[in-house]
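This is the structure I want to talk about, given as structure tokens.
When the chains are written out, they are named A, B and C in that same order, and each has its own residue count from 1.
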Amino acid sequence: MSEMIREDGRKFNELRPIKIEAGVLERADGSAYLEVGGNKILVAVYGPRESYIRRLLEPNSGVIRCRYNMAPFSVDDRKRPGPDRRSSEISKITADALRPALMLENYPRSMIDIFIEVIEAEGGTRCAGITAASVALVDAGVPMKDIVVGCAAGKVNDEIVLDLSEYEDKEGQADVPIAMMPRTGEITLLQSDGDLTEEEFAKAIDLAMEGCLQVSELQKEALMKRYSTE
Amino acid sequence: MDIVPEITKQSITNLVKNDKREDGRELTEYRDISIETNVISKAEGSARVKIGGTQVIVGIKPQLGSPFPDTPDLGVLMTNCEMLPMADPTFEPGPPSEDSIELARVVDRGIRESELVELDKLCVEEGKHVWMLFIDLHIIDNCGNLFDACELAVMAALKTTKLPVASIVDEEVVLSEDETFDLPINNELALCTFVKIGDKMVIDPTLSEERVASARLNVGVTKDGHICSMQKGGKEPLTKDEILYCVNTAVGKVKELIEYL
Amino acid sequence: MIYVENKDLVIPGQILADDEYYSGRGTFKDNGKVCSSLMGLVSLRNKKIRVIPLKSKYVPKKGDVVIGKINDVRFSMWDVDINSPYSGILPAFEVFGREKKELNKVFDVGDVLFLRVVDVDEIKKAKLGLKGRGMGKFKGGIIVDIAPTKVPRLIGKKGSMINMIKDKTNCKIVVGQNGLVWVKGDEDMEQLTKNIIHLIEAEAHTSGLTNKIKNKLYLAIDGELPPEEVSEEEEEFVLEKPKLQNFKEELEQEEREAEEKEAAESPEAEDADEAAEVEETEEDNAEKDEKPNIAEVIEELRKKNKNKDNTISLGDNSNNSLILNNK
């Protein structure tokens, strides 16, 4: 593969430009802002806090609640406000992707809320949401085993490529978003959507994991920058 | 619900009594204001406004639709506001609350009643096709005075909104791929919000000032000094003198606010 | 093998050291490595690594002094918001004993109190009490809210920071371990103190802070810088070589004195701020892991025992766990 140039001029293993900033909101306990390609994602974390929704709480551990939401103006055709089936699913898998890293046993019967707002969408918002949510969780001071990071690989024009843009997602043959804990390499989110051979899938997951490691460095930089003196 | 500590009520009230505020401002002084426009490339108009720590984003999306039967040749404005749970620990996910609907309607009233958007120019084919503008407000950080921030954001976004040129070909609406026109705007306005603390009116309240206030007054004024919308909120009444004071102050302040646009 | 230095800023998941190091608060062991679970500053003593978080919610601990707000009045107790994921309760008998009184005539919704955490149950609900000097309802003043992890910095080494602020602004200041601070004084000074406290919070992880704050205070109040520069501050960032012996002696000393204290309880009241602050000092040193020489330690203990009442348990002092681990 290798020499193929993509629709936006990227190499097969090249990420879109990324910008991450930690601690962008006043009220939230932790927050982060992330841009990747044309995506603009804002995440706020509240908690651990008391919750009056008792049935959601657990006696021996804190719980997380995640809400992924797209702004009506984030897509070409205005989206009706409020949750739909897609955003409900993404909320669930995002919570599942983040949970393995969280150490909530010191906060029994408490709740952590993660609010992911897609201000503008351009393909790959779920991975971007997870990446930004992790940074916001660290910013909130939630104890974690690792900083979960998300990235996708996929198949476009029969080639396995990293970090699909909106155009590639629409025109491509497959999309494999993953999230992982970079220290151990364990995978906490995996979806696959489209047609892949076994070999192609193996390639895609390797490439996505490589992408995750690159994004992970940017997460760390963003956190360090927030507290660097000056 | 979040209970305000008794001593906080006292200290804020005492400060205001002495014409002082917890952040060192004067009673008629705004916090720092910043406005950025075209922040969402997928929206035809957009803005992000910060007043102090308060932060709102607005996106404007046009859609072709049918006009209302009583105004067959006028475009349609729809203002919607989401008080996102990210903005404040007391905001809950779910359908818009009463507060959020009031906020959207007060902001909408200013735009609508000042008639600053030339709705007749948003008509593509009378009785059949007009532009509907969806104005979606996203509250992302609530540090008080959402009203003024939202109105400024909507005003800034409207001023930078561009619509595709539409024409009728064989009784079908055809949108131009590359030709756009600026949303026709013939005026500007801003909202000034006051709250009553003790027996004084304070402009641009912070969150804690809002929480100890007994009443609220929003005054919408156009660039040329006309009052186009007002709303009184809060538990306690206001006197006529207090209201007139606010109107008078607002007429002067709005000029300052419009400078930011 | 250790991969970080003392006071390094680290993030969750970061590998700090190999197996031969002990995993303290804010860290965990995984696959033979000590890793950080928080964003914070490394604190290294002997072979024990801890991470002091930059931000964290207050979790109630027996013996802590906190500032709380009455959220509800119930049949035989008050519900108290203690700025934590866990609310507190103040049972009526902690206040009245066996006497029957109308609760809301004593403390009503919105009142702010200085309280002690008497007990914490298995689901972390805190039982609160008012036994101690200066405990009870605040009248007047303002409440300043900071991250609970920044409390030690606000107190400063042996109270150096807080005392400087008090002296210069003439405000009374009470610090709760839950990150709420009560300030009372001249109206303008209250506001100045609030701003100074927020500044300390924002720059808690930087060095040279005491001097910086001192300059700010003098500039704001006198319009000019303090007469001479004091350079003790940097000391706070130099950690002395660990002296395990000292800690043992210190612990024994502390236990002895506590026992003596228990025997002769002294009921007289003192300023609330004194009580709060001295304990914070202790917490401060524990947090910073920097133990000065033994003479200072003893001096401090003497002072501490003179001022505080005996409900503070020795068990929550992190020094203990260190010693146990190293035995």
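Everything below uses one rule, namely that a contact is a pair of C-beta atoms (placed from the backbone, for glycine too) under 8 Å apart; a residue touches a chain by one contact, two chains touch by 3 or more.
In this text, all values refer to a predicted model and were calculated from it rather than measured experimentally.
Chemist: Report back the single chain whose CA centre is most distant from the CA centre of subunit B.
Modeler: If we average the C-alpha coordinates per chain, C ends up farthest from subunit B.
Chemist: Considering B-C alongside A-B, which chain pair is linked by more C-beta pairs in contact?
Modeler: A-B
Chemist: Need the CA-centroid distance for the pair subunit A / subunit C, whole Å please.
Modeler: Those two chain centres are 36 Å apart.
Chemist: Using Cα averages as centroids, what's the distance between subunit A and subunit B in whole Å?
Modeler: The computed centroid separation for subunit A versus subunit B comes out at 32 Å.
Chemist: Averaging only over C-alpha atoms, locate the centres of subunit B and subunit C and give their separation in whole Å.
Modeler: Here the centre of subunit C sits 44 Å away from the centre of subunit B.
Chemist: Two or more other chains in contact with one residue: find those residues in subunit A.
Modeler: Residue numbers touching two or more other chains: 49.
Chemist: Residues touching two or more other chains, restricted to subunit B: which are they?
Modeler: There are none in subunit B.
Chemist: Could you list, by residue number, the parts of subunit C that touch subunit B in their complex?
Modeler: Contacts found on subunit C: 69-71, 81, 108-112, 138-143, 187-188, 190-191, 194.
Chemist: Where on subunit A is subunit B touching in the complex?
Modeler: Within the complex, subunit A touches subunit B at residues 25-28, 31, 38, 40, 42-44, 46, 49, 67, 69, 71-78, 81-82, 113, 115, 117, 119-122.
Chemist: Provide the residue numbers of subunit A that touch subunit C in the complex, in ascending order.
Modeler: For this pair, the touching residues of subunit A are 29-30, 47-50, 59, 62, 101, 103, 106-110, 138-141, 143-147, 181-184, 220, 223-224, 227, 229.
Chemist: Any idea which subunit C residues touch subunit A in the complex?
Modeler: Spelled out, the residues of subunit C in touch with subunit A are 9, 11-13, 15, 26, 28, 30-31, 35, 37-39, 53-57, 59, 85-87, 123-124, 147, 149, 205-206.
Chemist: In the complex of these two chains, what residues of subunit B are touching subunit A?
Modeler: Answer in residue numbers: 40-43, 46, 53, 55, 57-61, 63, 80, 82, 84-89, 93, 95, 134, 136, 138, 140-143.
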